[in-house]
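Shared chain: chain A. Partners: chain B in the first complex, chain C in the second.
Here is the complex of A and B:
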């Protein structure tokens, strides 16, 4: 499979942009400028990038509580995203969703979700609608290793496989559900093994390699568009930070953490692009500078944006 | 009685690559591999093998295999016993190896198992697993068993039978025809050996190792094979369907591809039969090499994209007769039958 140079450079830029956004969110949370909880995607950027780079603007994604990266690659504006994290009126959800519930329906981002595993059934519902309406659109469902133990995993994949719905289930297996190591919570190590129970393809790829993820997602998305049903792609990865900001990650083995930091997807991909002479160091530097500049602009935008009025408290909310 | 050691390398990561999406490969879950390991253990134990040295793995295949043997079995202080069989049981020990979680584990495990005195090493996995194990097995014969559907080097064989064959080799009951030395391909880049392959080294146009597998025939540029028989699957079928080469022949083969042509129908992946364009092919004898004339490119070794070739790299692939020692399963079983192993009084007594 040949991936055009321009796509590869855009993928790299997206990864750098996610990293810049997340590092800024880290600093802002520490400075108490962001309310609520913040769950960072640092180290997992290759997955959102490799998958969403295959999508059309009209396709959909469902995210989870670690969803900033998904929205950024789907076209999220860092200004509006940062305003949402700040809880300001110019945010995607008028400041009422925050980091864990950010959604941008116009961009096809149907929401981060604070309920672990909730997206698995919601994505099946979206897939049902897309098929019912006879579109060739697809829905990606990002979820974690921990949520694959929830009942919604079975319900979602059972329905999606039975009705051959155009959903691609992407498991971002960072090996921890909060502080709970995967090996202590399930009797298998490869979540792709579970695909067989639903009669669908299940594969495992290196989640730190954006090209490996891209290739797998390309095939699974094409399959879904052809009406052949869902697939399960497990991406093995590692979150560099704690479960949430403020989590000291004392449950992680320091040597293992160091080994995974050596497999950081961004410098690995940068080296590859340099080796291929697709970019030079100057271009990489300018990509980084542009990402930092955009995110700084987002912070300035968010800081200027007003908080919602008290009178807004009950509008746009249910229950 | 001679109670030899048999090694076991079972790879929990095999059978999960992109061929489940781009072809119709079987999803091989690890519970299935546990069951295969269990059957191997039973065969080795029943035949009087004294010890299994196994590669530890992140899934715990051996632990789960032993754990599910049933209430007749007990496992204490590294000794597995069957209460219904009067035999001495079998020791089950981890090979002396540090896991890295990478494909190198199969190589270092094979080295350790060979060093610790195994007489035969069972390998459960695909061509990729065998390729790594073969780098470390030295003089100890490998008995490779396929855990999937797209393999050439390992055999699709029932594990119970494979265990009997491994035991026959370890107990010196298999006869002289049971083990042969396979061929090997060596890949050199800019004068340095960078890797090796057991079945094929296929040069594909592209720049990334990505998801490893090769399924798009329009990417094929050149290939070198140690073997390729009419019944083979995967890229080796290209040789198998034109000028077959057996594992025991003293030569291999090379092919030059042209994606614009349609010369040959080949099953290049499970359920995927494609037209392949071949402009040149021929025999490659031991000691000869093929220069690679394409760049940028990636060489797939035994089906997995591994070696990247940049614009100025000088790369060649040579054929060697010094590959791993391999058990011919049918010959090993025939040898042990000829010696009356399955009618041996002590074996029958220990069976219970």
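Here is the complex of A and C:
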């Protein structure tokens, strides 16, 4: 399929923006400006970008603990996101969720989630409502290789396929559940093989190639909008960082890490755009500069934002 | 007013709201043409069809999550687990997702959903189909928990639960399904968070909820011949707890016995006792007593089960020990 030049450039900009946000979050965590647990999406940017670039603003996504990238592509404002990571009152969740629970329901981002695999069934519930309300909206569920071993994977995909719900399940297979390699946790190579158990399409794509991800998601989303039910897309990738910031990643093989860094999705995509003559180096540089500038502005905004009043402790428990 | 059974009344609550609000639907195992294991949903499939009365796979985790996910984007689901005992299978969806989502998102999401959970012993259904687990649920901020006793409340609290913008756990005791009572016709709401003085008295307060309210009312009748005037408070709502009504009653009567069907340790009776000790100590003329099941699983064999469930005689014995 032919993807328009403007879309491709926007996708590249989104990936660069995620990278800039995540690198800044890494530095701020190290400087103890960001409390709690932080899980970075560095290296996996092509997946959020390739999938969400197909969505309309009114579509929904369910994310997981590594969710900054998903929200940024869904329209998240880096200022408001950074304020949330700081635990400040101007954050998306008024500082009550943090990195692990960041959400922007108005943007269709129904939350990162601290429970691995929780989104798999929640997304089916969202899909049920979208069908019940006779919309043509879809819900994307991002999850990892590790959560595909949870019971929610089975219950969510079984229900979504049985009821033909407009959900697209996107497995971000970064090959590790914290320290455990995929091979130690399942007896198959391709998680997309599991689609067969639910009578739905399953496909494995290069998760470091945003165009491959875009094309797979395009098909799956169209199928969901037609009322034909869910699909499973497995995107093979690699996280450049540890599971969480502070994880020394001693379980990774250094040669393998180096080989995957050579397959970094951002320089690969830059080369593709240059080869197509869609951009020149100057454009790429200005995209990077703009991303850095936006994220810096986000940090300034977060620094300036006040912490929540202590009275906020007991609000928002019930409506 | 009409005479209705508890199960008819709770069904009427669902049916009236479904007729009124197209965003309300019901999902659970065997709630469709089969009509529910205890007939709770009889006739609903015929009236509303498969889109709104949804038979699900045996997937309690996904059933609860169906409610949470669907509520988060603008519908008002009622989801049913066939027995409260199955909640363990779906607990994350209730306590980490439904209960916390609004808070974690800074108040920027509404989760208007009802979780129906049939509970209780008395049928030789044994250890995995007979429990009362309201204390687990009382320990979760972010949800409301109701446990109606009368058929009128079964209807009125169902309607209130469906209209509530929070996750409401609606616990229905299986032994109450056949209970007959006067039920207001048409639109009728019984408030969540307000206890009911089921019988007025002056000497002693019996505090209970769910099926045990009936035992307390029987005990209060029996105490008349001993010249003890017992007041019976039906909590109706476990969470949020109506402290004011129980404290007012104990202030008037000076003695309190709390009756729960659930096992003793960590039960909700302990929470009530703590409230009375902290906020009503000066009103008390004697110890706060609890009548509960023992700390055992629910037994199968009929005489063992009968010994497990608190009886009127056990309530009377507790009361008399205060005099």
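Simple rule for what comes next: the second predicted complex is superposed on the first by the 316 of 319 C-alpha atoms of A that agree within 3 Å, B and C clash if a C-alpha of one lies under 4 Å from a C-alpha of the other, contacts with A are read in each partner's own complex, and residues count from 1 in each chain.
In this text, a residue touches a chain if its C-beta (ideal position, glycine included) is under 8 Å from a C-beta of that chain, and two chains touch if they have at least 3 such contacts.
Owing to the predicted nature of the structure, the values given are computational and were not obtained by experimental measurement.
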Practice prompt. Examine A:101 and indicate which partner it touches, taking first as chain B and second as chain C; both and neither are also allowed.
Written response: second
Item to complete: Report for A:180: first if it touches chain B alone, second if chain C alone, otherwise both or neither.
Response: neither
Discussion item. Looking at A:219, would you say it contacts chain B, chain C, both, or neither? Reply first, second, both or neither.
Written reply: first
Discussion item. If we overlay the two complexes on their shared chain A, which of chain B and chain C does A:268 touch? Say first, second, both or neither.
Written reply: neither
Worksheet item: So, A:118: does it touch chain B (first), chain C (second), both, or neither?
Response: second
Item to complete: Identify which of chain B and chain C touches the larger number of residues of chain A.
Response: C
Worksheet item: For A:158, is the partner it touches chain B (first), chain C (second), both, or none of the two (neither)?
Response: second
Worksheet item: So, does A:126 touch the first partner chain B, the second partner chain C, both, or neither?
Response: second
Item to complete: Share the list of chain A residues that count as touching for chain B in one structure and for chain C in the other.
Response: none
Worksheet item: In their shared complex, at which residues does chain A touch chain C?
Response: 60, 91-97, 101, 103-106, 110-111, 113-115, 118, 121-130, 132-133, 139, 151-152, 155-156, 158-159, 162, 315-319
Practice prompt. Write out the stretch or stretches of chain C touching chain A in their complex.
Written response: 23, 25, 27, 51, 56-57, 59, 61-62, 64-75, 77, 92-93, 96-97, 101-111, 141-142, 144, 165-166, 240
Discussion item. Residue numbers of chain A touching chain B in their complex, please.
Written reply: 1-3, 183, 188-190, 192-193, 195-196, 201-205, 209, 211-212, 214-216, 219-220, 223, 231, 234, 272, 275-276
Discussion item. With touch defined as at the start, can you tell me which chain B residues reach chain A in the complex?
Written reply: 12-13, 16-18, 20-22, 27, 29-31, 58-59, 205-212, 216, 219, 296, 308, 310
